[in-house]
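Have a look at the structure below, then the notes.
The first chain written gets the first letter, and so on, giving A, B and C; residue counts start at 1 in each chain.
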Amino acid sequence: MTQRLRTPRLGTTALIYLALAGVLAAGAVAVALDGGNLFATANLVDMLTRTSLTGFLAIGMTLVILCRSLDLSVGYTAALSSLVAATTMDGQAANVPLAIAAVLLVSGLIGAANGAVTAYLGVNPFITTLGTGLIIKGYLDTQYKGPAGDVPAVFQQFGYTRIGPVPMSTLVMLAVAAAAIWFLRSSRTGHHMYAVGGDADVARMSGIRTGRTLLAAHVLCGMTAGVAGLLLAARFGTGSAEAYTNLYELDAIAAVVLGGTLLLGGRGGVAGTVAGVAILAVLDTVFNVLQIDPFAKDVLRGVVIIAAVAIYARRQLDRTARRPRFAEGRAS
Amino acid sequence: MRTTRIAAAAAAALGILLATACTTDTPTDEADEATTEAESGDEWFVQADYDAQLAQRDVEPEGDPAAPWLQAIEPEWVDTAAFAQEGGDATVCFSNASVSNPWRVTGWITMQQQVEVLQSEGKIGEFRHSDAGDDDDQQISDIQAFVDSGDCDALIISPSTTATLTPAVEAACESGVPVIIFDRGVNTDCAVTFIHPIGGYAFGADAAEFLVDNLEPGSTVLALRILPGVDVLENRWAAAEEIFAGSELEILGNEFTGGDAAEIKNIVTQYLQRGDVDGIWMDAGDGAVAAIEAFEDAGAPYPVMTGEDELSFMRKWQETGMTALAPVYSNFQWRTPVIAATMILAGEQVPAEWVLPQDPITEAELDQYLEINADMPSLHYAKFGGEDLPGFPDAWQDR
Amino acid sequence: MTRARELLLRATNPTATVFVLLVLVFAAVFAMNPGFFEGPSLMAFLKQAAPLVILAAGQYFVIVSGNFDLSVGALVGAQVVIAARLIDGEESRTVPVMIVMALFGIGVGLVNGLITTALKVQSFITTLGMLLVLYGAIRLWTGGAPTGSLSESFRQAGRMGIENVPVLGQIPWALLIMIAVGAGSVLLMRTRFGRILMAAGDNERAAALSGARVDTARIAAFVLSGLSATVAGILIGGFAGVSAQVGDGLEFTVITAVVLGGVVLGGGRGSVLAAMAGALVIEALFTLFNQMALPATLRPALQGAIIIAAVAYAARRRPVPTATASPTPS
């Protein structure tokens, strides 16, 4: 099963890293024409920093999308987590471990609720997670009228320290990504995720507990959103409910799909997602250095996302059997 | 199998009911707090700030009234000789929260026009800016990028949220660059100057007092708000609540509209179906006209209303002759930060907290302001303060 | 509560759930405020609900054929801004601008459809990209905030109606347009096109093998969605005028409405009438929250809980294996 899946996956992943290199090169040329240097330390730091937040969210999102699910509540979970973290820490370094545990517990439970409703009540994940997102929003709006809590300086390091040009948060993100790659390639549940996303009926018939697998993916997705919330708290020095207004969930989904994971599940992986996140980060940095109008940024982002996915889709068409084209032949 | 599924659905429904039951406890808690907040000092309502802002409304600002963006209320001047520079080719960097609403769009045009003047006068060189699209995390990165680049001789920041940028701003201050904050504040006073109009409490109070003065006791008032959780807007409402609590007006409700005209018209229409609405209080003027139209379409008499100095509202106000007030959150403040940057780079003194005047537009001034802005688009702000800039009026018209 | 349960249990198929829900919500509104069912206020309710109902019909075509359209909110916003800028208060420009808007709506739908079918980009991504492009492009064009203004005649459709009708007061044009769109949609789903659309979402391969032009039907569905967003834009702009935030977040509300109507994401199942009823339920729910004077901050939470519960209730009837494995959309 995995043998069959891995060969095309590596091909796609290589293509995505090629795309990343292409975007970097194009960006470097554009910045150079403008008289700058994309690879100056300040710009490198900026690019890497931008990868961490979307990175955490996108790693978890990859797992649920592989299972042919979706999580539109991650932005809300992250916002709630930032508040849980900041209010639990309350300025005391001694509270940091407790706060991290509380965040992982809360975010994991939200993920579990998403997973359970989706897997066992048969609710489409789009609706489940839109609904949980609204529930969390209602709680946050009622409870908080602005930033709350206080993050001690020690924990702010998570958001601000860097080793050379590499921020610590990016290193942690890469470590989480590595763990997720290992999990998908080597653990039983990881293999099951591909099977469930590929064809739930076949997976069920071959003895996989599909519900449990989906639940696990959602719990992990919730927890990575929790980690993203911890990062927000570290960067803000406080917790902020308003973080949910930034539509991080759509950024994360875009990164996952840019990373070559099929939105219909069953194919893709975290290595590609990291590249997808990096592509978005490079774009953002280049737009920033070139001082592109913020609205033009949206347009360019939209076009790049569609174009990239169209290119992947072309590749996949060449490789797999072409049902639609065959069908067109018959129809016309 | 089916029974278990139904049982599961029932359990989920129960859970959801319980969950909502739990959350419904909250407002009662808050209601309790609301009654005691005046004495105990709720976290979102700081009595001292409220009192200070209300008092500042009556203070005569220092400086030329013809250039309100250079006026200051009770300034404490600080020395900036340490930042003085020769040459006039200084690079000024600006980290903007966003241009995601008409108020910010208007201000941003004004700032760019002011920059052009300063550049042609040879007071500043390059002007760089970044836009964070309302994302705090993004803005932190933007600020870091400016600091890391080492090219900025002065850094202007318009924070996206009050508290969350504090660590990033502190880091920017430590780098030795003079930092100028405007509009929303941060929880540190390391910036050379913090520029802002009087504030949210004053805005909310101006509006609420107008309603109290112009409505009979026992009249009904509907409050329309943009978004929950934005502290600058929460301040406006907190002040209004404070004033309404001491009045005999009946508050029908406070609703969040997202500033969307359709939503506003919808909500007002529904309230009108249930009974009379004598007054409308708004925490920002976006979509005010839709609220007025709801009264027209329902055949109800015009309310006493407070909006903002947005032209669409002011034009409707003039057209209908209704009793209204346009509280102002001075848009001309967008000129001040770049001017402050040149002052700091020249080693001139600036106020540590540069409080700009914030006077509502009353009926007496209505015609005058509409005349000045006659050719401006409807989502433009009357007190934008850019009439003397060379780009006027084209820059604001053809944007 | 027990009565409600009985009623709920009697509703046997998922599509019926939405009508039961509609009755329940209306009953609750009636209990809170009997005056709601007097002619004028009922008409006012239908007037402001019409745009969402029309959007739901458009979204239904896309969803039933196995796709999503996330770009409708941004398109509604774009259309209102385009109208204001191009008309700029001139009555004579009203009709030409409406034609331009219709062409623009068709164009956006065509692009969405072509990218999704010919380039095989998943519709979630196509329309998410389109959302970003529309949002940015329209603000680039107007410098960040809408300019210009709408003409009085443009505003007729959304704001006015047949006046002085006994009992009802005003019959809004919006209501008549909504009924026309509804009737048209129901008829359309009964044609061969409707059957192909349904088949495309249900089992693409079988539909294609039977000789149906699946891709053409799907592109047409996106065009219908674009047109519905145009009509909704005309009604919303007419109803309330121009503001910078018009259309924000409508895409999620309308998809929720369609799913509440028992239409299955992934396609192949559900009726357009139920989808439109779903939109009415959402609007009625907002009215109910308002009548209950529920604190505004709590409303999203209740809305989320009700959506999940309703969809879980409808899903309970479906055969177990398909619960997680909906048919393959393109």
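By our rule, a residue touches a chain if its C-beta (ideal position, glycine included) is under 8 Å from a C-beta of that chain, and two chains touch if they have at least 3 such contacts.
Here the structure is a predicted model, which is why all the values come from computation and not from measurement.
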If you count the C-beta pairs in contact for each pair of chains, which pair comes out on top?
A-C
Farthest chain from chain A, comparing Cα centres?
B
Separation of the C-alpha centres, chain B versus chain C, in whole Å, is 33
CA centre of chain A versus CA centre of chain C: separation in Å?
29
Please set out, as single numbers or ranges, the residues of chain C touching at least two other chains.
144, 295, 297-298, 301-302, 305, 308, 312, 316, 320
Specify, in ascending order, the residues of chain B that touch 2 or more different other chains.
5, 9, 12, 19, 23, 26-27, 99, 228
Multi-chain contact sites of chain A, meaning residues that touch two or more partners
117, 121-122, 135, 138-139, 141-142, 297
Chain B contacts chain C in the complex at 1-2, 5-6, 9, 12-13, 16-17, 19-20, 23-24, 26-27, 99, 101-102, 104-106, 108-109, 225, 228, 253-256, 258-262, 264-267, 269-271, 273-274, 286-287, 289-290, 293, 297-298, 312, 377-379, 398-399
Complex contact set, residues of chain C against chain A
115, 119-122, 124-126, 128-133, 135-137, 139-140, 144, 204-205, 208-209, 211-215, 252, 255-256, 259, 264-266, 295, 297-305, 307-308, 311-312, 315-316, 318, 320-321, 323-326, 328-330
Which residues of chain A touch chain C in the complex?
68, 117-119, 121-124, 126-128, 130-139, 141-142, 196, 199-201, 204, 210, 214, 250, 253-254, 257, 262-264, 293, 295-303, 305-306, 309-310, 313-314, 316-317, 323-324, 326-328, 330-332
In the complex, the residues of chain A that touch chain B are 40-43, 45-46, 49-50, 53, 117, 120-122, 135, 138-148, 156, 159-160, 232, 235-238, 240-243, 245-246, 284-285, 288, 291, 294, 297
Residue positions on chain B within touch of chain A in the complex are 5, 8-9, 12, 19, 23, 26-27, 30, 43-44, 98-99, 128-131, 133-138, 140-142, 144-145, 148-150, 161-168, 171, 227-231, 234
